[in-house]
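Listed after this line are the structures, all set down as structure tokens.
Here chain A shows up in two complexes: once beside chain B, once beside chain C.
Showing the complex of A and B:
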């Protein structure tokens, strides 16, 4: 890892965890749709789908919160995301 | 094929490919994963917290409350009870909608952790 080697982007890559799995992310922010696609790359998000995305160990709002469709959140090293479509009943 | 039994697998990260009949539990990330018990092959994620799902391990695994896969094509619905899949009745479309709304209300009212609650309050106060 050599963050200084990427002057065009000016940002270094951070490690994030989506449903426990590790990913490298090289943008400042990540959107609801991007997190979903990391979690379920083979299951495209259809209209009306109800994936819940919750994050912790981030920057905003004490580091934890939920992402809504169309929303983005600033990423932070070792930030954690839960993505799930299952409902408790 | 429908699963009848599920055995725990304690991991840090979920493997890339889950095996049917295994419940992968990550204590580090407080979440669990398994392949839908109906056999459709979809990955089911159940974050673990008092407001989400609660895992009990006594040599076998129990997850409460039940798992409603309404968002999956199979719409399966079951309970994992002492290592056994107990199939629950399929809900009607209206019941699915009601269940979704009430579950989300509960989740919004009873956050998964103090941090989440505090985070929401802070965001509300600061407008972020």
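Showing the complex of A and C:
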């Protein structure tokens, strides 16, 4: 499903970057799970897996931070998300 | 027979021959008993200190830097007026010994000293002439004396970087520490590269894996093909290489699991750099229960349409921090991952971890204690601790 087609919130569509790729997002907020699914639509998280989600260029002066499972953040035009499982060394 | 490296240095040899009293402390050549005059017009003795440059175990000529350091009060002329040259400048030599003045006096004609002998004798003259005019019997050359204070640092050859930087006091913060490094892959090996250059007492390496070509391409330095042919254990390979420098390294050719955690019991600090330790959560919990501070590193890199992107994460598990941090980087590598690793990213992740460790030891300053540091390739930014999300997070 393309998130840009999500009905009911169509008045405010913004471009966001998730893992370097552009997406259209038409809701005011985005959740941890929604960002993950944009990044990896075919790789659902299994029990015990934790992906890191980092964001920046958000509201309030370019707000940046880490989005936690179950959490939600307000979206803004050109906001940038990184979603990776950081277990390699 | 003396095995002092100064035996082969013509300048120090000549100083000794002429009766100067020298010692070696904190990687500084010290000229003992240099007569000078205090502001109270008293004749007394101070010491000159010169950081020593070694190449291997050979002392090098130190005349290129015309400065020298003085241990004593403000040096004065025979009227008790400060002589030109010395300026107040704290310079640590050992934790117990600091110089209080830097003296800068270039030779009038050449601008540089021909050698260390000329440099030291010139400064001794500057300081001792006023003293001799007040008391002709004083001398800077009471007879050959040699006191080489043995340092007990865990190194194969002298740590002259510290002397040159005047960081002896700071480096005391590493002493007494026993470091464990779990995993000697791309990141763990770069952590060892830095930890082995500090004054920590011991470094224990834990890895049950074999060191192969692909490991060599993400490790510091250049592995010898003859070593690779032998397929050494990673912990044993890196222990051998880094024992060229640090004397306290021990290899444990085993993976740390829930069954052998007692191997970590002697550590005062642990770096967790094991890529896919199944028991990572159990290991971290065990260390947390024993208040053994731990730093966990991990990265996730993917091919994003022909360019690599990803995150490097350093998670601090320090005593007093909430246990919630324990689980932040757990997770299983998924089967779609191509195990992409590049040495520069391994290295950066390791350096971020080492810097956080040095902040924990108060070697580096930090605004506030943080639970994690994350580098993002795409944005080129580093986040420390909780971001400035503020009201954005809903």
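In this section, the second predicted complex is superposed on the first by the 74 of 89 C-alpha atoms of A that agree within 3 Å, B and C clash if a C-alpha of one lies under 4 Å from a C-alpha of the other, contacts with A are read in each partner's own complex, and residues count from 1 in each chain.
Definition applied: contacts are C-beta pairs under 8 Å (C-beta built on N, C-alpha and C of every residue); 3 or more make two chains touch, one makes a residue touch a chain.
The model shown is predicted, which means the values in this text are computed figures rather than measured ones.
Looking at the shared chain after the overlay, A:71 reaches chain C, while chain B stays out of its contact range. Of the two partner chains placed by the overlay, chain B and chain C both lie in contact with A:82. Once chain A of one complex is fitted onto chain A of the other, the partner contacts of A:22 are limited to chain B, with no touch recorded for chain C.
In the superposed model, A:41 lies in contact with neither chain B nor chain C. Residues 17, 19-21, 43, 49-52, 54, 56, 60-61, 63-66, 80, 82, 84-89 of chain A contact both chain B in one complex and chain C in the other.
The part of chain A that touches chain B in the complex is made up of residues 17, 19-22, 39-40, 43, 49-52, 54, 56, 60-66, 80, 82-89. Those residues of chain C that touch chain A in the complex are listed here as 183, 185-188, 273-276, 297-302, 304-305, 307, 309-313, 327-334, 336-337, 339-341, 346, 349, 374, 376-379, 381, 383, 386-394. Taken together, the chain B residues at the contact with chain A in this complex read 11-14, 16, 26, 28-29, 31, 33, 42-47, 52-53, 65-72, 77, 88, 91, 99-100, 103-104, 106-107, 112-113, 115-116, 118-120, 122-123, 126, 128. Looking at the complex, you find that chain A touches chain C at residues 17, 19-21, 29, 43, 46, 48-52, 54, 56, 58-61, 63-67, 71-74, 80, 82, 84-89.
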